[in-house]
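In the two assemblies presented below, subunit A is common to both, partnered first by subunit B and then by subunit C.
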Partner chain A sequence: MSEEILRIEGLRVYFYTYAGVVKAIEGVDLSIRRGECFGLVGETGCGKSVTMRAVVRLIPPPGRIVSGKIYFEGVNVLELPESEIRKIRGRKIGFIVQEPMSALDPLYRVGYQAGEPLLVHKLIRDKKEMWRRVISLFKTVSIPEPAKRVRNYPHELSGGMKQRVVIATALSCNPDLIIADEPTTNVDVTIQAQILDLLRDLRNKYGTTLILVTHNLGIVAEMCDRVAVMYAGQIVELAKVHDIFKEPLHPYTKGLLEAVPVITKSREVRLKPIPGTIPNLINPPSGCRFHPRCAHAKAICMKERPPLTEVKPDHFAACWLYTKR
Partner chain B sequence: MLRAIKERYKRWRFRNAAKIEEYKLMFYAFRRSPLSVAGSVMVGVFIILGVFGPWILSGIQGTIMFLHSHGLVHAVPSFNAFDWSSEVLEPPSWRHWFGTDDYGRDIFARSMLGIQVSLIYSLVVLVAGIPIGIVLGLIAGYYGGAVDEIISRITDMFLAFPALVLAMAISASLGAGLKSAMIALIAVWWPGYVRLIRGQVLSVKENLYVEAARAVGMGDLSIIIKHILPNVISPLIIYATLDVAGVVLTGANLSFLGLGAQPPTPELGRIVFDGLDYLPEKWWYSLIPGFILFLFALGFNLLGDGLRDVLDPRFRRRLEFEMRGERGE
Partner chain C sequence: METLIKVERLVKYFPVKKLFWTVGNVHAVDGVSFEIFKGETFGLVGESGCGKTTLGRLILRLIEPTSGSVYFDGKDVFKLKGKELMRFRRQAQIVFQDPFSSLDPRMMIFDIIYEPVKVHKINIEDPEAYVVSLLERVGLKREHLYRYPHEFSGGQRQRIVIARALALNPIFMVLDEPTSALDVSVQAQILNMLKDLQKDLGLTYLFISHDLSVVRYMSHRMAIMYLGKIVEIADSEEIFEKPLHPYTQMLFSAIPVPDPELAKRKLEERLIPKGEVPSPINPPPGCRFHPRCPYATDRCRSEEPPLAEVAAGYRVACWLYAKG
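And then the complex of A and B:
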């Protein structure tokens, strides 16, 4: 639990839109250890997905990585030529995309699509071997009757099955790192539970590193070892799962946790929303990006960005409440 | 033995039930409109006439001559398509089915042979024009940005001219003739396909499966060929079928204006043009070939309309219920 597989340093991603430059990611530092399950949480549009896409250099235009370094297994991904990064995508880093419903090409059999990474990276000799591998893959992701299912087309499968196919695709080359970008949106809770179980099993079996991008704190609590909380393109808190839920430090994390409905609480206890809305990232608030919505905002919060500091052992927060000037 | 085959057939039917149903539905979608069936029959007939025209003519003549030698028919028609004769401007009769032109040539024979030229026009555009459109459209749509700007603006320049005027200009500057007419048609016809394909690609490439393909490490070229092209092809087929009529008419127009196939090559548009001088009285000279041209264009249009119904999955779903209702299920 010490070797690091992925390190992101000072990542900046800007989107050059007609309305202006959207500073989507502004200085993100992360370090992911081999074999762990890392959760990345935050509101919609806070830059979770963009950060992860930067890792495989799949930022959709007009987005651009402005600065920063991303080391994957010691190699700076951002300096690699396109042909080299393609050898990493799918082979070393499996990407489970959002929305399984549209992640499969309607014109090809699901088995073929799950085996496509194998073909692309030339890990197999012929098509026959591909189908054999795909059938065993489908078995691993517990698709019933894999030998028949591989011959189905996407429209013949249910959402949960399609999600499994997408996971199988990500797993096909035995990657060292799997990035799951909201793997359970658009599927109902029972399937969500099955898919999370599946991911956990796979992780136990192969020891793959898993990065889980989600806005669902329940999933994070269930699955992850460590969590980073993102707000408006910055990491505001980073800690072990237990610590974050037990004693959140950053006011934003506290707010998030208070906004989660708890089934055992009586109905009279109202959920507390965080006042205000996510800032416009074309003109982000000065200093700490959370200060306009923060109850503890001080003068310094408006002026300077708080650094991410280790407040307790292995528990980082970016907030002036814990950092002395 | 027979039972075993029957058993296997049953199992095969069961396994492929969905596929069979789908093909049935396609067939139903096509059959339910008599117009599209008529269109496909017409297209079929014209293709056969175009490809085998000369042989069909001599075949007909041979048959009639055989009948004549047995005394079953009183006269043999003349299918003289090229040679001058004294039978000038005769009205349709048994000897000259569609009448004769001002050189005494048989208009029926000339029309049959003229279909070939029309088919060549459409084939040339299908084989040479559309691929250019596909390639440029894919590149422009997929890469976007400056590449797209350049390709699209050039396309716009071509589209800014009326097709016929541009085709005339090009074929006139190359010198009248079948070859330059074909080059002109290709030059005029690809831009429409660039537009069509580019638009389709723009919508298809936003699909998540394209991004998923990128995330597994596929290169641009294989993504374009494997995941984008197959998904844009179906509107292309419909558009191309509907377009054949336009190509043929423009080609005929070129000939009509004296820029296409040169005499004595029989070409429908050219025959119509030559017959204009004699129009009110000797109506068969230009009206009958004109009518054939009209049927040719109509056939392709009807077929294209039918194909649109067959290839549109949404429309097919709607038909599914209709078909069930008709069968009383």
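And then the complex of A and C:
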């Protein structure tokens, strides 16, 4: 077993809205190993992005981290003062956000924005050096004509190019961990393939740890070593990529895999949708949060939350089907 | 098979204006011809900006074309007037992509679904019972009648939009990315429902999407668009079996499949087009795909390949397959 870079213990994040307390994350435990590509999948609102934002302590209000511990390289980031966490953000943890349109400031040149972390973390002597570094960064992320592009403003670039700028920004300080939150959601499939290729190359070159947050199971199969499936603020299954696709254990994971149309499947094979809808997290279902939609729900599922247990070597599931009380 | 819709050399340019002068045209749809048969689902795929939505709107005459024609049941849609136009408006309906902007937040579900009936002045004895029957058709209940759109989830809203489209007993529906705003578990519910509706009501669909896996699941025949042109058109099983056009091949190889072993094999032989889609204001001469195509020859750079039949019902616009 390789060294651990990030460990999340008992994380709970609540959003205090006027309508009530949204229990967005309810007890998440995770351990990420150095050098791996870890996938975090789930549908909208399952808490995958919030979990990752908690790692860099960027939960937007009215959200609050209620309890839990997050160890990054052995240090609990939730106990650090703001000045210390700032030294980690961008420097040790690079964050690739979902929408490049809103991640970039329209009033600054993209080259400056990509180089800003270098200035903030005082990794360079002057601005001249920054521009030089940014040009080589743009080359790394395969932006054509980097010397020209660094002087562009965000509106002058296409969506795919903007996403590359955001990736370059995340890479600028050579972080130990990169968190990519839906890096390809708003781009076309051919551009998506280019960006995924780029992330894969960068990982091969620098051995950076990558956490990939996505709702696309195909991307997970293609990119990741291990994967965690989230549902309604909890992790329901955690395993090696191969195992989760070949032998999914949790009914939700199984349902998800059968509900997705696949390009290699004939139109005659009917999709099996998961009945019902995602629960409201102000009043989440009791016990296992998936029980109202589950075909195997028993009496205990309504009463008690199943713990995440190791069913097979390195394959965890939170389901009463596999856990004895 | 009977033809329901015939599109002939359809062209739509959008002028690009600077101050008072037109400085160019966006070639959104540029000389497209195909037909849709009765009772089938015709898939239309392409990346953003390729003109697929514009094409869908032209067929419904929601916008007027620059040139070309669309025949619906043998009649030229752009020449329809008065009663005949109203009849066409009843027979052809559309479901939009975003169920959050296509429902008026100030109207109750009953009014939303019943509005088309009122507009077309159709006499229905018991409007409430009629709307309830439509709601039940799309998997909703009577209790939903007097609620507002904000009380519904994305999937339920899309069901309401579909119920509204069904209110006038159409024979043809344009489904413009009907599930791209929805989560996968809900997407499957809507797709299956659309399939069932088609079987029960004998509907014909034009299914527009950028998601090839969804198109494969839904359509009998399909066309792939690139920069305002159709590059390949055939039975969808055949296209997915063995795509011919280099662009289609690349599109297929770019899609991540949820199967780690297959994904690994795919990665090894993957062809990803270099660069990005060129601007539709000044599309490249010759074959529009040539700047990104690995097989491009001199002929591709100068001469535009016609959409030619290579097998029965299989047409490709590529010089690799052109005879002579």
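In this section, the second predicted complex is superposed on the first by the 324 of 325 C-alpha atoms of A that agree within 3 Å, B and C clash if a C-alpha of one lies under 4 Å from a C-alpha of the other, contacts with A are read in each partner's own complex, and residues count from 1 in each chain.
Going forward, a contact is a pair of C-beta atoms (placed from the backbone, for glycine too) under 8 Å apart; a residue touches a chain by one contact, two chains touch by 3 or more.
These numbers come from a predicted model, not from an experiment.
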item	value
Subunit B versus subunit C as contact partner of A:E99, first or second or both or neither	first
Touching partner for A:L58 - first (subunit B), second (subunit C), both, neither	first
First (subunit B), second (subunit C), both or neither touched by A:N204	neither
First, second, both or neither for A:V262, with subunit B first and subunit C second	second
First (subunit B), second (subunit C), both or neither touched by A:E222	second
Of subunit C and subunit B, partner touching more subunit A residues	C
Subunit A partner contacts - residues on subunit B that touch it in the complex	18, 144-145, 207-209, 211-219, 222, 227, 230-231
Touching residues on subunit A, where the partner in the complex is subunit B	56, 58, 60-61, 86-91, 95, 97-99, 102-107, 113, 116-117, 120-121, 156, 166, 169, 172
Complex contacts: residues of subunit A adjacent to subunit C	43-44, 144, 158, 160-161, 188-194, 196-197, 215-223, 241-242, 245, 255-257, 259-267, 270-275, 277-278
Partner subunit A, residues of subunit C touching it in the complex	47-48, 153, 155-156, 183-189, 191-192, 210-214, 216-220, 236-237, 240, 250-263, 266-267, 270, 272-273, 275-277
